[in-house]
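Listed below are the structures to be examined.
Next come two complexes built around subunit A: one with subunit B, the other with subunit C.
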Partner chain A sequence: MSSTLYVERPSAVHRLNPVTKLVALLCVIVVVFAIPQWWASGAVLLLVIVPAAVISGCGGALARIGGQILLPLLVVLVLVQGLTFPGGQTVLWRWGPLALTTEGLMFAATIGARIVVLVLSSVLLVLTTHPGDLMSALTEAGMSPRFAYIISSTLQLIPSFRARADSILLAQQARGLAVPRNPVRRLGVLMPLLAPLVLGMFTDVEERSTAMEARGFGSTAKRTTLTPVRDSRAQKVARWVMPAVALLAVVLQVGWGLL
Partner chain B sequence: MIRLDDVGYTYPDAPAPALQHVSLEVPPGSITGVVGASGAGKTTLAKVIAGFIPQVEGGELTGSATVDGRNLAELSLVEAVSKVGLVIQNPFNQISGARYTVRGEIAFGLENLGTPRAEMAAGVDEVAALLRITDLLDRSPYALSGGQMQLVAIASMLVLRTPVLVMDEPTSQLDPAGTRLVFSVLDTLEEAGVTVVIFEHKLELLQAHADRLLVLADRTIALAGTPTEVLADERLSGWGIGATRYTRAARLARERGLIGAEVPLPVSFDQAAAVFGTGAGGAR
Partner chain C sequence: MTSSATATPNKSRNLALVVGGTVIVLATYLYLVISQPTELQTSSTAPAGLIAMAGYLVGAVLIAAGSIHRLSTTTIAMIPVAIALNIVVGQLVAVIGLPVYLDSMGTVLVAALAGPAAGVVTGILTNVIWGLTLSPIVLPFAVVQVVIGMMAGYAARGGLFRKPWLPPIAGALTGVVAAMISAPISAFIFGGATGGGTGALVGMFQAMGQSLLGATTMQGLLSDPLDKLISFTVVYLVLSALPARFKQRFPFVRQYQVFGKAPAAKA
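And then the complex of A and B:
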């Protein structure tokens, strides 16, 4: 079983220094949250995320995983904001106290577009960056190995969590637990499984920590790497230019409201 | 040489000690097996010898635990792990997740210690050749069987050039093939001069590979000797440790009068063949 969502491909996106990708992700998020218009998120999606996904060869995986995360979020967002937006004037459809308004839908579109960018860009980073490469790159950039490991290991949480949850569910089903199809009732049945899931994860963390310490993880020596972290002059420049552009967007919007 | 003198240990906030009056010596380059019922204190003793107690766990350690004359309680954890390697039960949890090839995984400890790249690469190749896992080096650690993962965990320790390897039930989560794979490297380690202390329940495999066995019962070392001496001891069952298939069969045969009481109980296939094959002791 793999403990990461990383998809190995011989692409230019995969070959980028992980710190470059991380900086790009943070800048994209800053830009879409700084500029409140939905078109800003749409532009980032079409001009940055979609091309990067195509070049990386991870478009299918991105659509699948992104869809699983986004679909329920967007449905809830459109229903809640579209039907209950307090400043809604242009009513498209009404049912009792609930009114679907143009303003509500526009607000949901703006928030939804930001969430789409946030989720897809994060998932793309996870799909194209091995946690180990991220850890090496962050350590080489001067971050503490412990902190770098915490960041890189969070990328592995979802698969580990899912694998353990599957085995606990299987064990409970073998002992007669019926899992209903109805999502609400299903959630009620699955809630009691959280305790063994979390306790099991704690045990795993403790064991993993022992294994890491046994391999000198607590050493204060300057870390070395078996394989050098890929980097280039262009990427070093990009890691300064991208935050500058993001900062400019924030200043133009927050300072003068120009965007 | 590993030496424990009257070691006692109590976990933080625990009402009773987990170990008391433990004294033992492990000669360099030997394989020592430690057996004991669940809850007897095997993992605690493994962590004392590996230097994790009290540095990581806290608690109160009394007596002295030394490796090559250095008191483990006075060493930092990083110093301790350079002297003693620790292999734990779950092979999956020993994979760092920080490297995507076995080669990188084995080198991970060396990276932590700041070893130069060329030295690292040579060390990985050397230890992989020793454990006969060179063909696995370019595979993902997560694509390995449990037994292969344990070999990678052992390689990850050996590459640090630790003279002592403590293995805490390394086969408890492995299938028979994985178990055989792990035990098959014990003799290689002994030939390479590595001192091994292995905590295990698999008595027959310990009999075949260990030079010496210790029995941990009632939180202390209750018995020590050669595998033949220890495994034939009548008290093992009372300590919840059981016996080999050969010993159990011989006991049954003795109860039924098929062999005499004076015949030593066999603990291995060869000994059993000698006892049953010749009808020693006056089979009736």
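And then the complex of A and C:
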């Protein structure tokens, strides 16, 4: 398994400034969570996410990954809330303590539509944005470069971490460690695996930090960027308009509730 | 926020960020717990879901922003290792299909070696990276990892890693808090359906007459304390198996005598 989901495509969505995409994602989430009707999420899905996915050329990957994540969640959601929703009144079918209610199904539809938007929009961001680009754009926008270092470094570290864990496990098995089939027993393997892993990985840390200090990691001077992030006036405007729309949705909804 | 910080000049600003973030997280939780019954009767969970998401997100980001500048370069270099540990072990356990998560051992480890601020940054970035790479579902739960990192760090500072019977207690307590903080997220954002086993438990508690938030809280209280108890204990066992020379290299460990008095006179 690769360590990121990013798919390289020559599309307009890929070329957008990562900060613009992140702002759009947050605004979409605010809108669907502000309006408590399933059709609001449905409209966002059809009018924003599906066109963006088609333009980006990642529609297939989005459907596959989104389906893998969403299908189990939605099945559980409909079963649990459809059958046991606490506010259920209109009973459609009853079996012992379980009752299929209209309210429960409506609740599951509202929450489910939101989760669909939440998951698909964030997967789309990840599919169309390289983590490195996202980090450099956010650092340019004012995030501490320390966050960018940690995130980028982790993404590179995970594969080598896995390789190291595998070789430790093989070494322990060579000296007689049995890996049981029973999953609960398998937890016992954790100790002989973790101790050498932690010791080895953390011993490297000291050398790495010395190297980082020698290259001015702790310096607080303003840095220049090696590859400037693409940006445009339209995107700058969009980054102000989208939050305004999201805010409007919240204000309207709260106002509606008060009336 | 520019990174113009060698701890001292911005110390009060960092403290204000951490305190402000903590207050927002607690206020969000209290608001949701107090207002929740009326929300459900009208079945409009709109504000509840939005408030859970926004309050927890803003709180977690503020705490992390206030914590990051306090860390030394060695600590920063250590955090990616801990995050990798969280993700790799967490995934391993998820694949095996155990009823626990074990996705916060790296957070506890870093918090015990380098303090609460390091734990907080490890926690939030674990879920950000996990969300960016494998599953966006963990993103709203970032605040829970922040709380775990913070509590583990203060537990280490308070000497709860000195005796073998103390880490399980600290872990169970952390688990109770984690369960309570995460309950509104699973209730109002995911409708109680965060996975097959947990979803079945939520349904069972609802069928027994619990509200949605009550059901997710009880489900959390069943699995989180056990999960954190195991995590804290395993971290303690791993650390006590490591040579003292390794542990005493960390300034936080020396300053607060996290593992008791250093055996060698060199302190």
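The rule is simple: the second predicted complex is superposed on the first by the 182 of 259 C-alpha atoms of A that agree within 3 Å, B and C clash if a C-alpha of one lies under 4 Å from a C-alpha of the other, contacts with A are read in each partner's own complex, and residues count from 1 in each chain.
Assume a residue touches a chain if its C-beta (ideal position, glycine included) is under 8 Å from a C-beta of that chain, and two chains touch if they have at least 3 such contacts.
Computed from a prediction, not measured in an experiment: that's the story for all the values here.
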Inset, instruction - Tell me which partner A:F202 touches in the superposition: subunit B (first), subunit C (second), both or neither. - result: second
Inset, instruction - With the two complexes superposed on chain A, say which partner A:G216 touches: subunit B (first), subunit C (second), both, or neither. - result: first
Inset, instruction - With the two complexes superposed on chain A, say which partner A:T224 touches: subunit B (first), subunit C (second), both, or neither. - result: first
Inset, instruction - Figure out whether A:P145 sits in contact with subunit B (first) or subunit C (second), or with both, or with neither. - result: both
Inset, instruction - Scan A:M135 for contacts with subunit B and subunit C and give back first, second, both or neither. - result: first
Inset, instruction - May I ask you to name which of subunit B and subunit C touches more residues of subunit A? - result: C
Inset, instruction - Quick one: classify A:D166 as touching subunit B (first), subunit C (second), both or neither. - result: neither
Legend entry - subunit B and subunit C footprints on subunit A, overlapping residues: 3-4, 131, 145, 149, 153, 204, 208, 212-213, 217-218, 220, 222
Inset, instruction - Over in the complex, which subunit C residues touch subunit A? Could you list them? - result: 1-6, 40-41, 43-47, 49-50, 53-54, 64-65, 68-69, 71-74, 76-81, 83-85, 87-89, 96-98, 105, 109, 121, 125, 128-129, 131-137, 139, 189-196, 199-200, 202-204, 206-212, 215, 234, 237-238, 241-243, 246, 249
Inset, instruction - Show which residues of subunit A lie in contact with subunit B when the two form their complex. - result: 1-4, 6, 8, 130-132, 135-136, 145, 149, 152-153, 156, 204, 207-208, 210-228
Legend entry - Residues on subunit A engaged by subunit C in the complex (per definition of touch): 3-5, 29-30, 33-36, 69, 72-74, 76-77, 79-81, 83-87, 97-98, 103, 106-108, 110-112, 114-115, 118-119, 122-123, 126, 131, 134, 142-147, 149-151, 153-155, 157-158, 161-162, 165, 183-184, 186-187, 190-191, 194-195, 197-199, 201-206, 208-209, 212-213, 217-218, 220, 222, 250, 253-254, 257
Inset, instruction - Spell out the part of subunit B that touches subunit A in their complex, as residue ranges. - result: 50, 52, 56, 77-78, 81-82, 85-86, 88-90, 92-100, 103-104, 107-117, 120-121, 124, 140, 142-143, 153, 156-157, 160
